[in-house]
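In the two complexes that follow, subunit A is the common piece, with subunit B as its partner first and subunit C second.
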Partner chain A sequence: MKALCWYGTRDVRVEEVPEPKILASDDIIIKTSTTAICGSDLHLYHGTVPMMEKGDILGHEFMGTVVEKGPDVKDLQAGDRVIIPFAISCGRCFFCKREYYSCCDNTNHKSYYSKKMNGDATAGIFGYSHLMGGYAGGQAEYVRVPFANVGPAKVTSGLDDDDLAMLTDAFPTGYMAAENCNIQPGDTVAVWGCGPIGQFAIRSAYLLGAHEVIAIAIPSPAV
Partner chain B sequence: MTGGMGPDACIDAVGYEAESHGAVGLYDSVKQALKMTTDSAQILRQVIMACRKAGVVSLPGVYIGMADKVPMGALMNKALTIKTGQTHITKYMRTGLQLLKDGKIKPSEIISHRLPIAEAANGYQIFDTNKDEVFKIVLKC
Partner chain C sequence: MNTQSAPGTDNTSDVQLKKCVTIDRTAEELYEKWKDFSSFPLFMEHLVSVRPAGLNRTHWIAKGPGNTKVEWDAATTADTPGKVIAWKSLPGADVPNEGSVHFDPAPVHRGTRVTVTLSYAPPGGSVARWAAMIFGEEPDKQISDDLSRFKALMETGVVPTTDGQSKGNN
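This part shows the complex of A and B:
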């Protein structure tokens, strides 16, 4: 299959690599339909994230169709269209039970290094270095998705791929940033940065009742 | 706009690779180059200084390591609350899905480029160099 592989600072290549296999009984394999490049992928591209290895497949914003599943996967079938959260959560640890899914205790197997750096490890993230679990990423034609009973959400055919792909990281990240502001009627929220996350934070702040949003950015043609 | 009080909440949607400007920016760049610090605190300093007293500073980030010269005095004395974290995406993806189904959002409006997966490396280069009015790139398999 084709996959986008990391080789070093500003060196990524599309290569033919072996397709993923089911490794655990609650894994699924999806055939990717749409995947996005995130601003945080540029951190990998710039070589500023530790514990990258040559050949690592990047990408954590992706969706597609289930092609294979392990015996313990309950509600998904081959052929189902699914969107996949960028972070992997077990659904049953202390943190997942409290809906702090990015703090999952069970999905970052190489967490020793993370514990050294941060005092504790957070959840594994697809295609985001061995510090974040070393999972093969979504910028590939096929992806193995572990803990498939927890993260993936089934979606109907009426919704557009391009809208759905934005729900796997970018939109919710802007939304949570706005929700964290505890917005009250009449509030003014200021947002620094008008990239995708900033744009979605602005939109979400209004959805959550902000009276006014101030956007602050260095002018660029796209903004 | 805020009656001189400052915003009720400030969101830093830039993070640790913030571009450096001015004398303090030069200081950050030098320390980053010497590996004496990892994260640019340019925007972090601004959101803390700008936020109104008893307001909220929300940091989607991303931050990865050590940041230098964070105005702790302002943070403490203005009684600010910091809320941050990687997105609890398993929950918030579903919030987004409901908003999409309800017609409240159209998130694809930010997409500027659609490329086949075979051109993914080119996509990174376009995104990195800010070419062609790039904003968000999706790859099709």
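This part shows the complex of A and C:
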């Protein structure tokens, strides 16, 4: 299959790589229908995130169709259309039980250096260095999704991929920024930055009841 | 999860390591899993196997530098259900070593604090070399990662892996 692989700073290549296999009993394999480039992928591209290895497959914003599943996968079937969150979560630890899925204690199985650097580790993240678990990412024709009983969301509506793929990372990121502001009905809210995340923060502020949103940006290609 | 190293690591004689992790399981469940020494290689990456070798005796095989192996016999020196297990290598081991695991209730029903101590006495020569033989190249990292894997195994039933996943190779 084709996948986008990292080889060094400003050196990423679309290559033929082996297709993923089921490695644990609660894995699924999906055929990717849409995958996106996140702003944080640029940190990998620019070489500012340590512990990348040559050949690592990038990408943490992706969705597709289930083509294979492990024996312990409960609710998903081959053919199901699924959205995959960027963070991999076990569903069983202290944080997951409180719905802080991105703080999962168990999926980042290479967490030692992350703990040394940051005091504690995040969950494992697709395609985002061996600090974050070293999981192969979603900028590939097929992707192995571990802990598939927890993260993947089955799509039951007829919405297009373009309306859904942003749920994997970008929309929740902007939404969380707005949510953190404890917006009350009638509030006026200022949002600095009008790139994709800023756009979602603006729309989320309205969703959460803001009367008026003032968007602030310096002229840049992102506006 | 919190892990911490014990103060007082002494590089000139015995080397001691201490790590602690909170696991969302009862002390009894964790004790039962730990008491089955043969399951250690599931979460201790540097071990090849641990087999029963008679009453309170176990035979350990670990990965050494390169493709070598290092073997030793150990005796179980403490065993209190739900509380503590301790072991110590028998005379004749290349790298005399001992270890213990304590299970203590964590605060506010958050499971169990699991504290592992390991010490080994390099018989002269390079401390780092002997340490590598028995605990991997980076003992502190090895034990921290081993405990993370034990936590994942006990909380989720599996040890997370990426071994065998797709990767570019140019």
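The definition used in the following text is that the second predicted complex is superposed on the first by the 220 of 223 C-alpha atoms of A that agree within 3 Å, B and C clash if a C-alpha of one lies under 4 Å from a C-alpha of the other, contacts with A are read in each partner's own complex, and residues count from 1 in each chain.
Throughout what follows, a residue touches a chain if its C-beta (ideal position, glycine included) is under 8 Å from a C-beta of that chain, and two chains touch if they have at least 3 such contacts.
What you see is a predicted model, and the numbers here were worked out from it, not measured in a lab.
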| item | value |
| --- | --- |
| Combined model on subunit A where subunit B meets subunit C, clash or fit | fit |
| A:Gly64 touches, of subunit B and subunit C: first, second, both or neither? | first |
| First (subunit B), second (subunit C), both or neither touched by A:Leu23 | second |
| Which superposed partner A:Arg13 touches (first subunit B, second subunit C, both, neither) | both |
| For subunit A as apex, the angle formed with subunit B and subunit C - C-alpha centres, to the nearest 10 degrees | 110 |
| Contacts of A:Pro146 with subunit B and subunit C, given as first, second, both or neither | second |
| Which of subunit B and subunit C A:Gly55 touches, first, second, both or neither | second |
| Touched partner set for A:Cys90, first subunit B, second subunit C, both or neither | second |
| Between subunit B and subunit C, more extensive residue contact with subunit A | B |
| Contacts of A:Lys110 with subunit B and subunit C, given as first, second, both or neither | second |
| Closest Cα approach, subunit C to subunit B, once both complexes are overlaid on chain A (Å) | 14 |
| Shared contact residues on subunit A - subunit B and subunit C | 13, 91, 140 |
| Subunit B residues touching subunit A - in the complex, by the definition given at the top | 1-2, 7-15, 17, 19, 38, 43, 46-47, 50-51, 56, 58-60, 62, 64-65, 83-97, 99-101, 104-108, 110-112, 114, 117-121, 123-125, 127-128, 130, 133-141 |
| Contacting residues of subunit A [partner subunit B, same complex] | 2, 4, 10, 12-14, 31-37, 40-43, 45-46, 48-49, 64, 83, 85-87, 89, 91, 96, 99-103, 117, 122-123, 125, 139-141, 150-151, 153, 155, 159-160, 162-178, 180-184, 187-201, 203, 205, 207, 212, 214, 218, 220-223 |
| Complex contacts: residues of subunit A adjacent to subunit C | 1, 3, 5, 7, 13, 15, 17-21, 23-26, 54-57, 90-94, 97, 105-113, 115, 120-121, 124, 133-136, 140, 142, 144, 146-147 |
| Residues of subunit C that touch subunit A when the two form their complex | 1-3, 22, 24, 110-111, 141, 144-145, 148-149, 151-152, 155-156, 158-170 |
